[in-house]
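Per-chain numbering from 1; labels A, B and C assigned in written order.
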Amino acid sequence: MMKRTVPLFITAIAGIIMILSYFIPPAQSWGEDVAVWFDILAGIAFLLGGGNLLMIQLRKMSDRQPGWGYAAVTAIAFIVTLYAGLMKVGTHPSAEFPNRPWSGSYNEDGAFYWLYEYAFKPLTATMFAMLAFYVASAAFRAFRAKNIEATLLLITAFIILLGRTYAGVWLTDFLPETSPFRLEHIADGIRDLFTTVGTRAIMIGIALGIASTSLKIILGIDRSYLGSKE
Amino acid sequence: MYQALNNLDRRWIFLVMAIVVAVPIITQWSFPEKVSKQTRDAYAEVERLQPGDRVLLALDFDPASAGELSPMATSFVYHCATRGAKIYFMSLWPVGPQLIEESIAKVLKPDFPDMRYGHDYVNLGYKSGYEGVIKVIITDLKKLYTTDHRGSGINSIPMMAGVESVQDMDLVISVSAGYAGAKEWVMYAKTAYPDKFNFIAGCTGVQAPPLLPYIPNQMPGLVAAIKGAAEYEKLMAEQYGLEDQPKYKEGLRRMGSQMFAHILMVMLILLGNVLFFMGRKEARR
Amino acid sequence: MKRETLIWSIIMIGGLLILGVRFAMMGGFGKVYVREVPVNFVQVERPEVAEDGTETGESETVWVAGGSPEEAAAGAVRTGSPSVNWTKREAALPKQFNAREPGVIFSLRDTIGTWFAAFLTLSLFSFLYRDNAFYKLAESIFIGVSAAYWMVVGFWSVIVPNVFGSLAPNFVRSWAMPGLEATEPDYMYVVPLILGVMLLWRLAPRGGWISRWPLALFIGVFAGLRMIQFIQADFLNQVRNSVVPFVATEGGRIDFGTSIWNIVSVLGTLACLTYFFFSFEHKGTVGKIARVGTWILMITFGAMFGYTVMGRIALLTGRLEFLFIDWLWLIDPTGTRATASLISTLTG
């Protein structure tokens, strides 16, 4: 009962409170309180994530799994950053409370700021910047006009890619400024009409799907989030 | 030639892409931008602000999307400050407060030295919970934000007087890279309280199409992708004489690389298809 | 020598040579400067003033900036507490250092940071050629720093002010958050604290099922929140947005352009929705309508692809700008350095 039944009840009660808070004004504060608990749990989930990561890396190191050296690097980077942030290493007190050493912001001009500015920021940005290369490679290898649908997709992609830059303006510059056949106007038209229509239909479908899935979860019909039957 | 291209090592494509993006950056080529209606409508919304109006500026992104969103965030901060609005910064992303402090250091401190922290702008910081944060602050902001990001008591901040929730704002702007972001603001704030405040957003290219159906009823305008940022900068430069201020033309500078990279993408797709059809012809023979 | 090794050697040696030449030509690059601003606070005792400006007759003890008008104000007397000093560091430009502005110095730690950031950037980019030790090192650092960053943010942004600050406000105010206003504990916050501890039980070797309770709260709140708002914002509002007049008028006359636009919009939405009806076969008229819906969806995906490409390239541009502007000092679009950039020197 403790492992499956109580969680089902918690889900149902939490979901019903959130729904009721929309329809019954006096219940609005219950919804706010539950949402605040939810927000706090989301913050605590960061601790869970970090703790889980450290556990995995330490296990890799102790088992001497292949690549355990990199696990050591991860663990060291984790512990150093954690220490710098939790201990507010190198930060100054706030101007409002200068006599309180811990009153300063954790990310203002200390070791944690240095790690953010010169490790976290470049690494995060570069990881995503690499996607530009993969998108180019995928465009060359995978996008084939095999049928009408694929051809439509590619033609639209060309219009958007060119129309959203000066290249599109230059290509149809011979047309009058207000002509709807200028590439940039065609790109805007595709965005405002077809893309909006298509996304709207997808949105309506997703909304209905989420409503039905949420109802199934709240009513306990869908129990997949509880994991294995133990 | 056909075989060589068909079996082309993708690293050559990577190299060409790197050169095509790098050269315009180094040569600082830039091209004129035409402003779209969507960006103009978003601009008009901020332009409507009067001195003393309250703007909630949510920087819901991280360094991974800063290449696209940082220029528009800078523009929004400058525009709101120029209109004399009181700016309430916050973020739904953990790295947001850092980016807020960067915007304050880049725009407000050097160009608006008369604006005082706590009186004209405040950094409320980050709270975890994604849309759960919006759900709380839309009716009771101080329930979740008991202090600002710098640790000052929320009621000790002069500009928080009279602000009980997001409904007390005149305009909410979300600069958004994904989840949680503009879509959540539309769903949990603007849709729930459609007449209380206005809302506009800036977003990445990836996020733009899913936000289009909200225009114009829930959101009059949208600054979409680096192109939108460049258009917004153009409007700002024309109206506020920022032509000689390069830090407010970051998006415009990046459009040079953007154009050449887009042309490369079109050529790669065309080349790939030419090879595909040639291969089909060979196979039929 | 293997081809791969040869290519790596050429890249490394070539890169080092280019860096060396630039260093010699420019007298160094990738340097960061800061302005050091000494900060001094003193404690004074002064008459307490109410919000309306009148004196209350009591006195208050506050910290004010040393040498400020507040310290010299009438009635303000220094207490015996020692002053608090530190040095604030603000970003400064190379041209301010070259102009010998007061307080502007070369920052070794930030310069090392910039070079470290460049090393990490290039290490990640090296994966584009081949997986290698530098990439793996950078990736490992990334994972460790990111996870710890999020933990620190969660701790100082949420756990301390909202949990500890609600349950033991006086204790939290005494060491971490002097600005906290609450004075009485709010014991309702014991619930999220207990649930949080249960969530962390997932890390324990046994009893991991305990974490299902807070997880159930998560799921329940998400389900309840999303069910209502998705129906309101993404279903009802989108249906309302879809309903537009087939005959649009402007100034008493039929606006054919808008009318056609609206007709295509409504019929297009219906066609796309027809495609999503999988509970009956797409044959005959339904099949044809669904086909039209498919075409509209393909146009949508084509546009999405175009926007995605735009986004990804902008991110790459951002990183290359960091390498060329902040590290290599190849260009200077924002005029931070008094000396001309290399390119403008070569191109005139």
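Note that contacts are C-beta pairs under 8 Å (C-beta built on N, C-alpha and C of every residue); 3 or more make two chains touch, one makes a residue touch a chain.
Since we're looking at a predicted model, the values are computed, not measured.
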Item to check | chain C omitted: connectivity of the other chains | outcome: one piece
Checklist entry - Quick one: which pair of chains has the most contacts? => result A-C
Checklist entry - Distance from the CA centroid of chain A to that of chain B, rounded to the nearest Å? => result 15
Checklist entry - Distance-wise, how many Å sit between the C-alpha centres of chain A and chain C, to the nearest whole number? => result 12
Next on the checklist: Quick check on chain B: which residues sit in contact with 2+ other chains?
Outcome noted: 14, 17-18, 21, 64-67, 94-95, 97, 127-128, 132, 135, 144, 149, 151-152, 209, 213, 225, 227, 258, 261-262, 265
Checklist outcome for this item: Check: chain A positions touching at least 2 other chains come out as 35-36, 38-40, 42-43, 45-46, 94, 96-97, 103, 116, 120-122, 124-125, 127-129, 132-133, 135, 139, 154, 157, 161, 164, 191, 195-196, 199-200, 203
Item to check | Shared-contact residues (touching 2 or more other chains) in chain C | outcome: 128, 149-150, 153-154, 157-158, 162, 176-179, 221, 225-226, 230, 233-234, 238, 241, 300, 303-304, 307-310, 312-313, 315-316, 318-319
Checklist entry - What does chain A use to touch chain B in their complex? => result 28, 31-32, 35-36, 38-40, 42-43, 45-46, 94, 96-97, 103-105, 107-108, 116, 120-122, 124-125, 127-129, 132-133, 135-137, 139-146, 154, 157-158, 161-162, 164-167, 169, 184, 188, 191-192, 195-196, 199-200, 203
Checklist outcome for this item: Seen from chain C, its contact residues with chain B in the complex are 91, 128-129, 149-150, 153-154, 157-158, 161-162, 165-166, 176-182, 221, 225-226, 229-230, 232-234, 237-238, 240-241, 300, 303-304, 307-321, 324, 330-331, 333-335, 343
Checklist entry - Any idea which chain C residues touch chain A in the complex? => result 39, 41, 43, 63, 65, 81, 84, 86, 88-89, 109-110, 113-114, 116-118, 120-121, 124-125, 127-128, 136-159, 162-163, 175-179, 188-189, 191-192, 195-196, 199-200, 202-203, 209, 212-228, 230-231, 233-235, 238-239, 241-242, 261, 264-265, 268-269, 272-273, 275-276, 293-310, 312-313, 315-316, 318-319, 322
Next on the checklist: Under the stated contact criterion, what part of chain B meets chain A in this complex?
Outcome noted: 8, 10, 13-14, 16-18, 21, 31-34, 36-37, 62-67, 94-95, 97-98, 101, 127-130, 132-133, 135-136, 139-140, 143-144, 149-152, 209-210, 212-213, 215, 225, 227, 255, 258-259, 261-266, 268-269, 271-273, 276
Next on the checklist: Can you tell me which positions in chain B touch chain C when the two form their complex?
Outcome noted: 11, 14, 17-18, 21-22, 25-28, 64-68, 70, 94-95, 97, 105, 125-128, 131-132, 135, 144, 146-147, 149, 151-156, 186-188, 191-192, 204-206, 208-209, 213, 217-218, 224-227, 246-247, 253-254, 257-258, 261-262, 265
